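Two complexes come next, and they have one chain in common, chain A, joined by chain B in the first and chain C in the second.
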Partner chain A sequence: MISRSVASWLLGALVLIAFAVLAAPGTSYSNQDRDLPLAASSMRHPAGTDALGRDRMVRVSAALLLSLAGATLAAAATTLAAAAVGALSAFSPALLGGLIILVCDVFLALPWLFLLLMVRSALPLTTSPAHSAVVTFLVLAALGWPACARAVYRGAVHLRDAEWMLQARAAGLRGHQIAHHIMPNLYPLLLPQFLISIPAFVIAEANLGALGLGIGEPLPSWGGMLFELDNSAMLVSTGWVYLPIALLIVVLLLIESIAAEVY
Partner chain B sequence: MRAAIRLLKRLFRTLAMVMLVMLGSTILIRFAPGYFSDSREMDARYASAARAELSAEAARNSSLNQTLLNEISAWKRGSLGLSREYEVPVVELVEPRLAVTGLLLLRAITLGWMLSLCTALVSSAGHHLSLLWHAPAALLLAVPTAAMATICLLAGSGGPVLVMTLLLAARDFKFLDRILRKAWRDPHVLQARAQGIPTLRLVVAHIFPNILPQLFALATLSLVTALSTLVPVEVIFSVSGIGQLAWNAAMNRDLPVLLAVTMIMAVAVTFAGMTSNSTAKLQAV
Partner chain C sequence: MRLHSLQAYFVLILLAATCASSCAGQAEPRLPGELVWTIGYDPKTFDPAKVDDQESELVRYLTAGVLLRFNRSTQKVEPRLAESWSLSPDGRTVIFKLRPGLQFSDRTSLTAKDAAWSIRRVLLPATAAPVAEEFLASASVTVDTPDPRTVIVHLPQRVIGIEKVFDEIAIEPAERPSEGRVTAGPFVLADYRRSQYVRLGRNPCYYRRDNGGAALPYASGVRLDVLDNHEQEIRLFQRGEYDLIDSLPPDYFGLLKQKTPNAVRDLGPSLNTEQMWFNQSAAAQLPLWEKAWFQNQAFRVAVSRAIHRADLARIAYQGHATPAYSFISPANSTWYNGTISVPHEDVAAARMLLKGAGFHLNGALLQDASGHPVKFSILTNAGNAARQKMATLIQEDLKSLGMEVTVVALDFPALIERLMHTQDYEACLLGLENVDPDPNAMMNVWLSSSPNHQWNPSEKTPATKWEAEIDRAMNLQATSLKDAERKQAVDQVQQIVADQQPFIYLVYPNILFAVSPRLQGVDPARLEPNLVWDAESLRLAGAR
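Presenting the complex of A and B:
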């Protein structure tokens, strides 16, 4: 695989290109060119248009930024929640700690995709696209923390039993003073968990969207664009319909490369 | 005696988890903002009186206690609730599809395991060309299930079993390769290799017995992975299994069906192995 720095540069370049495409004057992901539905590549639309005449390049750029931003925020929320829960369960009395871990196990036993389907389908029928995007990533964050919390719990237990911790307690350090030393020591554990969560959430959003239960139209999303692959007429007319899936795979491989080296 | 107590404790914990999963799923769905939205209320074919009756029925069952009681009594009767869309007991919808899904899972998991075990054995035994094995696995894991299924369908080659097998094999390979690499480096294995014991005998007599607990742990994880790929695969290939039923229920807001399917899946995962222990064993690698 490619090195972490090369992967970071390539990912950064892709994000910058996406910003540049969206920042061009007169572009919007919902703009329709009604005279040119399913258009092939041209100067005006370098990657062609979709069935509604919307520029595919602009939509893919917006989907890239939306998906990465949403997945990163969800991964950050997951990691923070996992850090809090894991540390709390390790440093609280045994009964409370055991109960917290039992709750983690309950969440781990739930099949997440079915749960996502259940929660997503139980949203009001009038949910706006922006709300659907927020809810999708919120639900992903809400379901992603238990596995990470278990890993943090094991790390925190290791810290709790460490000799320097015993020394700190014997020296009379208070709870908040000890907590001050816990988080920096958990950082090497939290960073890989955060990085691993990002591609997992991007894929989950794409799968949900492809089932029609992800981010609502007209907001662009990977899943929504994978829908286009169902239209065989479109596949015959242009090869650009494969652009979203190709870009998605590249982005995921780049994130995986960054995560693999940290892990 | 101690083993029996440990087994009982484990069984008690599993049962407690099943109860908590059922309780948690019901509470989650009850407090979802669209719980009271029923697509039948917008169906013009229903008379206004019928629609009013639907609203009244929803209001009657609005409290959490009532929802839980309804759910428990439906499970006690063995009907698993009443489908809002088809107006038949959920069990009638689930029963014929269980066999289809079960067979699909069994074939995919078996083939996935065979493929990943063979490739991991070859990959871990030699230090050269590891990229040859890791690159396809990474590529397969980067493709969303729905996209892979659609591409297979368009290409006219491969079916649901192939898609699930490839994804499972890629995921399991990552773990198996790491487990096996560690096993090959064990001092007694190194000693046996130095003494010239044939590789096949080494694998059968020393490697596999050493990694057996981790393989059991991985089996549980495989089931969880397979369940997460079930919905897109069954929907795209039109396999009339549990995943397709769940998707139909989600699209038509048939929450009783969705709740029953989620709970069946959760119970299956819980009984397949204590996930927490499994994950712990694998993360220790």
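Presenting the complex of A and C:
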């Protein structure tokens, strides 16, 4: 396993390289070099082009940033929602707390993939690619919180029953004063939840994209690019077609390495 | 952590898909002398009178005994169960004389009574046979059998190409419809396993012989594997499990050509077209300004002129398509007219047209006279790589006019629901398969009253003058007794369509196929079923 600091540096380096590729003058993820579809590696297109003549390096870089940014924001939203719901259920009266956890359990029992498909396919046809990206990650965040909330609830219950908490109550601390001490104590639980949500959302977006329900063209996404691997004719055309999947695996490994050490 | 359950879920799906894929990769063992190829889905029906889908039609083609057969290669009508036939000068009476000694596959005799019963059955409203529509006024058609070998069909009005209609009517034993299990055609339905295969056996009583007197068909049977996966189909073809691949996707053509150059062939442009159109339906739930754009001729022509069709053919079809400007393909030499004036690519002219129609650029975005930004979506069906590539290329082409286009790929049932029922779409990119070179077969597309008049279905009266003119010309070609007059009417329709661009034609896909070197007797045709239209003459090398 790569150490956390090495993984963080490598991930940072990848993000910086992606920014640098996109910042180069004249680059655009949607530019079609129609004279060079499925071109091999060259000075002009270091990682070749896709079937529509679009630069693979630029598209992979854009997909990396988009996916990481979207998944990170979705993970943050999920973690915050889970923290609020988990803590609220633990510190509420038993009946209300039980009801909140029951709602979480109902959400957990729902078939994720089909819900994602349903929500995504219900979007208006004119949804722009950028909006479809936002909605995709919002949907992932909206459906991802219950599992995380269940974990937070267990942690918050331990916290509620801790001796220092009883002592604080006995000393006359009020609710809002106690709340100040809850979040810092939940932090060691929330950070790994946040970190492992990121690769989960990256994969979920890739799966939706591979099913044709992810981020719309011409915006690049992992799912859209992995869709190419479905076609063996494409696989033998150039080795660069494997770049997105190779980079995706590297990114997931790096994030998992960071998350594993936080655990 | 429970979010891991999402990853586990996807891993499970992947594993299940891999297992399913490897299990499906094992084809059923082949019987001696049996031909094997694939169909994309299960036939919806085996009742030859109710055929309404491509795969059911193939099964009917291979099993049905018909009075006349439309030869897909020569494009002439030939006698089959009928020894001869004649059409009265007014075109309203068809007389068939059956061959002597005909038998069904169960060795019972086939007489005029069976033929008349089969024709009457497809005409009955209760049967709901799609072929009945081709008689125009099916309720008034009568059938007589003056003797056991003569069948007379009386039509209330002349029908262009009436002979070809009898190519679609299977003659079945009177009062004993068997859904293809008792036929007078070359094969009979022997076995069917849903989602696996349809097995056809050789009809031992089939009347046809080759020039040497050997009984046809040569093959002992046909197995049609239900498989909607080109990857597997190609792998199994390369392993020798399948004898042919009809409609080879362009992506795979090059791949197969590299490995087995003699197995693949490009027959040139097909009769089929790929086109896009805008929703002009009055019933569509679209904003009024969008309807106004789509009903504006200048808008449609400008879009047409901004599309680089040569790029579509070269990139989306890897060169295996021909740019299209009309509904008649150059492959249809009788009806194609190369002198039609069409709006060729010219982005500057397109911008001028839009300017003249009140559109203007606001920054990089086009706006109409009221300031509404020109944004719309193009629907196409998911799973068709060439169409999705074309839509993305068009998206980029239209950006040069300042139009913001969203490409949406939907699964086919969802797409059809929007097109045919809810009218909830803005533009659509799809293809049209033409099985008959005669434009009369496209009446259901061009008549404004037709539900298949895609840009504005089922109009009570033609919404525009040019649609009324198309109706008039199509009706003229459907009833005229003079070939020259018919040709002139069809040319006129082609010119109106080129001027108005209700359908913006994009490409004519080429006919691509692969044939195993073991398969003999293949004579590819431009008309469907391209490779197996003469299935009776197909056989495997070395098979008895």
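The criterion applied here is as follows: the second predicted complex is superposed on the first by the 262 of 263 C-alpha atoms of A that agree within 3 Å, B and C clash if a C-alpha of one lies under 4 Å from a C-alpha of the other, contacts with A are read in each partner's own complex, and residues count from 1 in each chain.
Going forward, a contact is a pair of C-beta atoms (placed from the backbone, for glycine too) under 8 Å apart; a residue touches a chain by one contact, two chains touch by 3 or more.
Note that the structure is predicted; figures quoted are calculated from it, not measured.
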Touching partner for A:Pro129 - first (chain B), second (chain C), both, neither: second
Touched partner set for A:Ala76, first chain B, second chain C, both or neither: neither
Chain B versus chain C as contact partner of A:Ile203, first or second or both or neither: both
Which of chain B and chain C A:Arg150 touches, first, second, both or neither: both
Contacts of A:Leu115 with chain B and chain C, given as first, second, both or neither: first
Touching partner for A:Leu253 - first (chain B), second (chain C), both, neither: first
Partner chain in contact with A:Leu22 - chain B first, chain C second, else both or neither: neither
Which superposed partner A:Leu173 touches (first chain B, second chain C, both, neither): neither
Contacts of A:Ile182 with chain B and chain C, given as first, second, both or neither: neither
Doubly contacted residues of chain A, that is, touched by chain B and again by chain C: 108, 112-113, 121, 125, 127, 147, 150-151, 199, 203, 207, 212, 230, 232
Chain C to chain A touching residues, read off their complex: 1-7, 9-10, 13, 231, 234, 251-252, 254-255, 258, 308, 311, 314-315, 375-377, 379, 382-383, 385, 388-389, 391-393, 395-396, 404, 406-410, 414, 424-426
Chain B residues touching chain A - in the complex, by the definition given at the top: 13, 16-17, 20-21, 24-25, 28-29, 32-35, 37, 39, 42, 131, 134-135, 138-139, 141-147, 150-151, 154, 224, 227-228, 230-232, 235, 246-247, 249-251, 253, 255, 258-259, 261-262, 265-266, 269-270, 274-276, 279-280, 283
Residue ranges of chain A touching chain B (in the complex, touch as defined): 1, 101-115, 117-125, 127, 147, 150-151, 154, 199, 203, 206-207, 210-213, 222-223, 226, 229-230, 232, 235, 245, 248-249, 252-253, 256
In the complex, chain A residues that touch chain C: 30, 32, 34, 37, 51-53, 108, 112-113, 121, 125-129, 144, 146-148, 150-151, 192-193, 196-197, 199-200, 203-204, 207, 212, 216-218, 230-234, 236
